[in-house]
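Consider the two complexes below, in which subunit A is the common component and subunit B and subunit C are the respective partners.
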Partner chain A sequence: MRDVFRTYPVEARLSVVLLSVIAVLSVMTDTFLTLGNITSLLNNNAVNLIWAVGLLVVLITGGIDISFAVAASVVQYVAAQIFMAVGGGNWAIGFAIAAGLGIGLGLINALLIHGFRVISIVITIATFNAFFGLLMFFTRGRNIYDLPDWWTNRVFIFERQAADGTWSELNLSVAVMVACVLATWILIRLTTLGRQLYAFGDNPEGARRAGVNIWQMQVVAFGWCGMMAGIGGLMQVNIAQEVVPNALYGRELDVLAAVVLGGARLGGGRGTIFGCILGVMFVAITQNGLNLLGISPFAFQMIIGAAILVAISSSNLSFRLRGRAEPVEVAP
Partner chain B sequence: MTTDPDPAPALRLRNVSKTFGGVKALQSVDFEVRAGEVHCLAGENGCGKSTLIKIVTGVYTPDPGAELELFGERNNTISPNRARALGIAVIWQDLALFPHMTVAENIAFDEMVGVVPRLSFGRRYRERVKTVLDRLKVSLKLDTRLGDLPIAQRQIVAIARALMGQARLVFMDEPTASLTQSETDALLEVVRTLAAQGIAVVFVSHRLAEVIDVSERVTVLRDGQLVGVFATEGMTQFRLGELMTGAQLENIVRAKDRSEAEPVLEVEGLTRHDEFENVNLTIRRGEVMGLTGLIGAGRSELAHALIGMRASDAGKVWLEGAPVRFNSIRDAIARGVAYVSEDRLSLGLIQPQSIADNTVISILNRILGSLGLISPVMQSNLVRHWIDELAIKIGAPGDAVSTLSGGNQQRVVLAKWLATEPRLLILDSPTVGVDVGARAGIFRIVRQLADEGLAILLISDEVSEVLFNADRVLHMADGRIVGEYDPRATEVSELEAQIYA
Partner chain C sequence: MKKLLNAAAAVALVVSASAANAETSMGIVVKIGGIPWFNAMEEGIKERAAELGVSAEMIGPTSADPALQVRAIEDLIAKGVDVIGVVPNDEAALEPVLKKAMEAGIKVVAHEGPGLNNVDWNFELASADGFGEAHAKLLCEKTKEPGTFAVYVGSLTVPLHNAWADAGIKWIAENCSDKLKPVGDRYGVAESVDDSRSTALDLIAANSDLRGFLAFGSQGPIGAGRAIEERRLGGKVHVMGPFSPGQGQKLLKNDVISGGFMWNPAEAGRVFVTMGNMLVEGQEIASGTKIEGLGVVEPDAATRNIITDNLLEINKSTVDDLAAKGL
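Moving on, here comes the complex of A and B:
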C-alpha cells in the first residue's frame, strides 16, 4: 500500500479525497446515492472520459492537444454531410467515419508538430483556431437538426423502473466509453508501443537513441487523441440530438483539467488510466454534489481550480520532503 | 565465472579516419580491445574519443580505407542496428534512462523498441531483469521509480540495461563524473565483475587515478591521432597527463611566502553545529589558500558560511580588518567576496543566454547609463575586457554559453565573478569536469589573479591540485582544520596518506 502511494502519489491521494466527497454527499443528501443519479452521472460524463483517455495518451508523450474538442465538432459536421450524401448510414459506418475523420484531424497536428519541430501547444492552438474558424465559416454558425434516425435515437444498454415510476437507464455512450477506456489501457499498459510512448514523453533524447521512432510516437499519440475526439463527438450527438457548431468550444480545458487532476504530468512520462477516471469522476461528482446541495454553480470552477493547485503543488512538496530536487511540473 | 581464454580481440580497428568538412577528427587510428578486458580510452576533450565511439556504434561512417573487425566479423562500415545486434552498447554520460519509469521497465526497455506493436507483460521480463542484476552482484528494487534512485544506482541500471541486450562490448562515457569516492569504488567493482564475465569494457574518464586503477591498458588519443597503447601497470597520473596533452605539465610547486602581506580574510572559531567546528584561518593579499579533505569533511559548508549562504552558530569573521557578518550572498558580493560553486554548469551559468549577458548578470547596476537603462557600450567594453583578461576562446560575445567547452565555461563563470571586483575569491572544485589541458589554463589564471593582489580560497579534493597551486594548504576532516602544510615541504603522497588514513 505504501508502494502504491509512492509510485502513484496523485492517484492515491485523489482516490482518498474522492471517497470522502462521496461519503459526505451520501450522508448530506438523500439524492446522491440513488440509481437515477448515478446512471445520469455516467451518461453525462461518458463523452468527457472518452476524450480524457485520448488526451491522456498525448500528455504521456509530453505533448498537449488544445484542438480535440473543436476537432470533435468538425467531425460531427463533416460526418453529418457524409451521412446525408450516402443516404443515412448506420452505427458501424458512423463509428468508422467518426474515428477516421478524427484520426485525420489528429494526424494534421502530428504532421505539423513533427514536420516543423514546433511544440504541440503552439500547433494545437493554431489548429484549434483554424478548425473552429473553418467550421463556423462553412456552417455559418447554424445548427443541424436533420440527422439520420439511427444517430439521434436513444439506445439503452440498461433500463430499470423504480418503485415510484421513475426510469433509470444507461445509454450507448457508456458502453462506448468502457470500450474506449479498455482499448486505451491495453495500448498504454500492455503493448510495447505503450512503453515507448511513456519513454518518449519521459526522455525524448534517450528514447531516440534507443531507436524509438519519434514520428510514429507523434502519429500514435495525436492519432489516438483524434480518434477519441471523433468517437466522443459521435456519441455527443446521440445525447444532444443535434449538431451545434460551437457546442464543444471550451470543453477541452475542462477535460484537460480533469486529466491533470488525475496525475498526468504536463511534461510527459506520467499518467494512468485509473488517474484519468478519478479526475473525470472528481470533476463530475463535485459539480453534481454542488447542484444537489444547492450551492452556486460558480463555486464549482473555483473548487476545480483549487483542487488542481493542491494536487500539483502537494506532489512537488512530497518530492522535496524526500530530499530530492525534482523539477517543478511545467507545461512544455 | 570463467574468463574467456581466447585472446582474439572483441574489437579491432585499423586505419580509421573521419573528416568533418575538412576537419580531421580522426587520422588513421588503430584501436583494439580484448574480450574480458577493461580498456581505457584517454585524451583531452576534442581528441576524437567520442568520434571513435560513434564509429564503432555505427552513428558515424568512417572515411574509406578503414577496417572494422568486430567479434571476428570484418567490415568497412557498420550500421547502428548491426552494432546493437553484435552486442555493442554505449552507456552515455547522461545515461539516456527514463526517470518516471521503474527500474525493471528501464532495464528491459530496449526490448520494447520497434515499430510493430506487440503485447508486453511485465512478468515475462522481470525474471531476466533479476538474473542480470544478480550477474552484476547488485540488488535493486525492481518497482522503484528510477527518478527516486541516486545517480550511482542509475549507473547500475544503465549497465544492467546494456547487459539485458546481451552486450559483449560496453563503452562507458565518463561514468564516474558525478559520483562520490565510495560510489565510484562500487561502480569500478561492477566494471571488474563485467570484465570477469568476458565482457569487453571501454572506459572513458577524466579522472586519471581511476583510469590507472581499473584498466589493464590505455589507448591515448591526441588531436585525432593515436599517441599509443600503454599498459597501466607502472603508469603514473602525471605521465598519462603528459601523454594526453603532449606538453610537459607544469607540475611544479608555485607556493610563495605571503606572510608579510596584510590579511584579507580572518576567521576565528567559526562553528556551525554538525558541519564544521572552531575553524581558524587567515588569507592574505595575493595568497592562494588550498583547502582539501574528503568529501563530506565540511569544506563546501564552510565556504557557504563564509559567503552568507548559511548562518554560523559561533565565531568571528573579519574582512580587511573590519568585522563582518553576511546574511545573504548579496551582502557578501557587496563587500567584495566572490564564490564560484562546484556545480557551475547547473547553478553558475544560464546556459542558453549569451556569454556577454552571463558575464554581467551580477553587476547589472554598474553598467547603467542615462535613464537608468543598461548601456550596451559599457556592457560590451566590460565583457571584452574580461574575455581578453581570461583568454576565453569564444566565437562572439553574443553566442550562447552552452556552445562553449567545459574549460571555457568555467572561465565565463570566473569572468562573471571577477566583474564584481572582489577582494576574496572562493573557488570550490574549479576543475570538476574539466580536462587536463584546460585545468592548467585555469590555474594559470588563478596564479595571475593572486599576483594582482586577490586573496583566493581554493577548495579541491585532488591533493596534487592544491599542493601545486596553493601557497599554503589546509586539511579539513570531520568539520575541523586538522593540519596546515607548506607545499614546498610536502609530498603529494604524504598529504594523501594523511587524508585517506
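Moving on, here comes the complex of A and C:
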C-alpha cells in the first residue's frame, strides 16, 4: 500500500476521495448504486473518456491539445458528407473514416508544432479557432438530422429490464470506450514507443540525445489524440442522433480538467490511464450525485469547483502527513 | 474570411447606399448562432429586409455567452447601423452597451427581453404567463397517475425562460397540485442536447414517480426526449416544451415528446425588421397601432414592452407542416 501511495500519489489519493464520495452517495440516496444509474453514468461519459485517453497521450509527451473537441466536430461533418456521398456506409467504414480524418487533423497539429518549433498550446489554440471557423463558414451553422440509419440507430451491448419495468442498458459507445482505453494502455505501458513518450515528456533534450526520434513522438501523440477525437465524435453522433456544429465547443476544457485532476502533469512525463479514468469518473459522479440528491442547480458549479479543489488539495495534504499517520488515509 | 466578406459587404453597402439615399441598416444579435431556431429567424430577417428594401444582418455568437453579445453590439455601434436588434442571453449584462447604442442615436429593438430598460421596444409573440400556463395545462392533461415533474430552462439567467417556468410552476401549484409536484429546483441545461439528456437520465433515476418535464429552451425537449427514448418511457413520462419541429418531428411521432407551443422564429425575425423600419421612419407605436406579424398591439409605455399572444401549437397534426417550413 505504501508503495502505491509513493509511486502514484495523485491516483491513490483521488481514489480515496472518490470512494468516499461514492460511499456518501450510496448512503444518502437509494438511487445511486442502481444498475440503471450506473449504466447511464457509463453511457454518458464514454465519449469523454475516449477523448480523455487521447489527450492523456499528448499530456504525457509534454504537449497540450485544445483543438480536439472541435476537431471531433469537423470529423462529424466531413464524415456525414462522405457517408452521403458513398450512399450510406456502415460501422466499419465509419470507424475507418472517423479515425482517419481524426489522425489527419492531429497530424496538422504535429506538423505545425514540429515544423515551426512552437509550443503546442499556441498551435492548438490557433488550430482550434481555424477548425471551428472553417466549420462554421462551410456549414453556415446548419445542423444535420438526416443521417444514415446505421449511425443513429442505437446499438446495445447489454440490456436488462428490472422487476419494476425500468430498463438498464449499455450502448455501443461503452464498448468502444473500453477498446480505446485498452489500446491506449497497451500503447503507453507495453510498447517501447510508450516508454519513449514518457521519456520525451519528462526530458525532451535528454530523450533526443538518447536517440529518440522527436518528430515521431509528436506524430504518435497528436495522431493518437486526433484518432480518439474522431472516434469520440463518431460515437457522440450515435448518442445525440444529430450533427450540430457547436455541440462540442467548450468540451475540451472539461476533459482537460478531468485528465489533469487524474494526475497527468501539464509539464509532461507523468500520467496514467487509471488516473485518467478516476478524473473523468470524479467529475461525472459529482454532477450525477448533485442531481440525485436534488440539490439546487444554482449551486452546481460552486460545489463541483469546491469538490475539485478538495480532491486536489487533499492529495497534497495527505502527502505531507505520510510516514507518521499513514493508515489514516486508507481507513475511510 | 468572415471579416473579409463583411468588409466586402460593407463596401458594397456604401456603394449602394450612396446610390439610393442612405439605406437603412440593421444588425440583430441573437443568443447563439447555428441552431435551427435562429437559422429560421435569420431567414425571416432576410426575407423582410428584401421586401422593405433595407439591409439587415443577423449575428449569432458561437456560444450563449453575454460577453460575446456585448462585443457584437459594440461592433454594430462602431459600424454605425440605424437599428440594433437583440435577443438577450442576460439582460443585466447588456444594459450598459444598449445605453451606449441609444445614446449614439441607434434604435434598439429587443425580443425575449421583457426586463430590459435601454430599449425603444421589446416585443413578444407570446406573453410569459400565457406561454408557461399553456405548457403547464397540457402537462396536467396528459398526466394520468400522480407524481412529480422537473423544469428546464436555457440557463439560470435567461429571463424569459425563468418567467415561463415561474408561470408554469405557479399554474400547476394552483390547479394541478393533486397530480403533480415539482422535483428539485429548475435545471439550466436546455441550450444543450447532451446536458439535457444526461440530466434527464439522472432525474429519471432519482425519481421513480417522475411524470413529466416542462422544458423551456430550444434543446431541452429534444435532450429530455432522447433520455426518455433510451429509458423506454415514451407515453409514461411526458415532455412539454417549445422545440424546433424539424428536429423533434421523429420524437413527437414516437410519443416521446408530447407536444408544445412555439411562436414562429421566422415571424420574430420579420417583426424585428418591420419595427426597426417603423422606428427609423419615425412612426409612432401606440395603443391600437397595427404591426404586421404582431397584429393590433397594446404597448406598455412604462416598461417598453409590446406583448402579444401568437402561439402555434406543435402536435402530431401540425408538426409536418411546421417542419416543412424549415423549422
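Keep this in mind: the second predicted complex is superposed on the first by the 295 of 332 C-alpha atoms of A that agree within 3 Å, B and C clash if a C-alpha of one lies under 4 Å from a C-alpha of the other, contacts with A are read in each partner's own complex, and residues count from 1 in each chain.
Heads up, the rule we're going with is that contacts are C-beta pairs under 8 Å (C-beta built on N, C-alpha and C of every residue); 3 or more make two chains touch, one makes a residue touch a chain.
What you see is a predicted model; the values in this text were computed from it and never measured.
Q: Could you tell me if A:L193 is touching subunit B, subunit C, both of them or neither one (first, second, both, neither)?
A: Only subunit B is touched by A:L193; subunit C is not.
Q: Which chain, subunit B or subunit C, ends up touching more residues of subunit A in the combined arrangement?
A: C
Q: Contact-wise, after the overlay, does A:F68 reach subunit B, subunit C, both or neither (first, second, both, neither)?
A: Neither partner.
Q: Looking at A:N37, would you say it contacts subunit B, subunit C, both, or neither? Reply first, second, both or neither.
A: A:N37 contacts subunit C only, not subunit B.
Q: Report for A:A210: first if it touches subunit B alone, second if subunit C alone, otherwise both or neither.
A: Touch status of A:A210: first partner only.
Q: When the two structures are overlaid on chain A, which partner does A:A247 contact: first (subunit B), second (subunit C), both, or neither?
A: Second partner only.
Q: By the touch definition at the top of the document, which applies to A:F83: first (subunit B), second (subunit C), both, or neither?
A: The answer is neither, since A:F83 touches no partner chain.
Q: Subunit A residues touched by both subunit B and subunit C?
A: No residue sits in both footprints.
Q: Can you name the residues of subunit C that touch subunit A in the complex?
A: 1-2, 32-36, 39, 60, 62-63, 156, 183-189, 192-194, 197-199, 201-206, 208, 226, 230-232, 246-247
Q: Can you tell me which positions in subunit B touch subunit A when the two form their complex?
A: Checking each residue of subunit B against subunit A gives 80-81, 84, 92, 94-102, 105, 109-115, 117-121, 143, 145, 147-148.
Q: Show me the residue ranges of subunit A that touch subunit C in the complex, using the header's touch definition.
A: Touch list, subunit A to subunit C: 29, 31, 34, 36-37, 40, 43-44, 132-133, 136-137, 139, 141-143, 145, 154, 164, 166-167, 169, 236, 239-242, 244-247, 249-250, 287-288, 291-292, 294-298.
Q: Give every residue of subunit A touching subunit B within the complex, in rising order.
A: Listed in rising order, the residues are 3, 6-7, 190-196, 198-199, 202-203, 205-207, 209-213, 216, 265, 269-270, 322, 324, 326.
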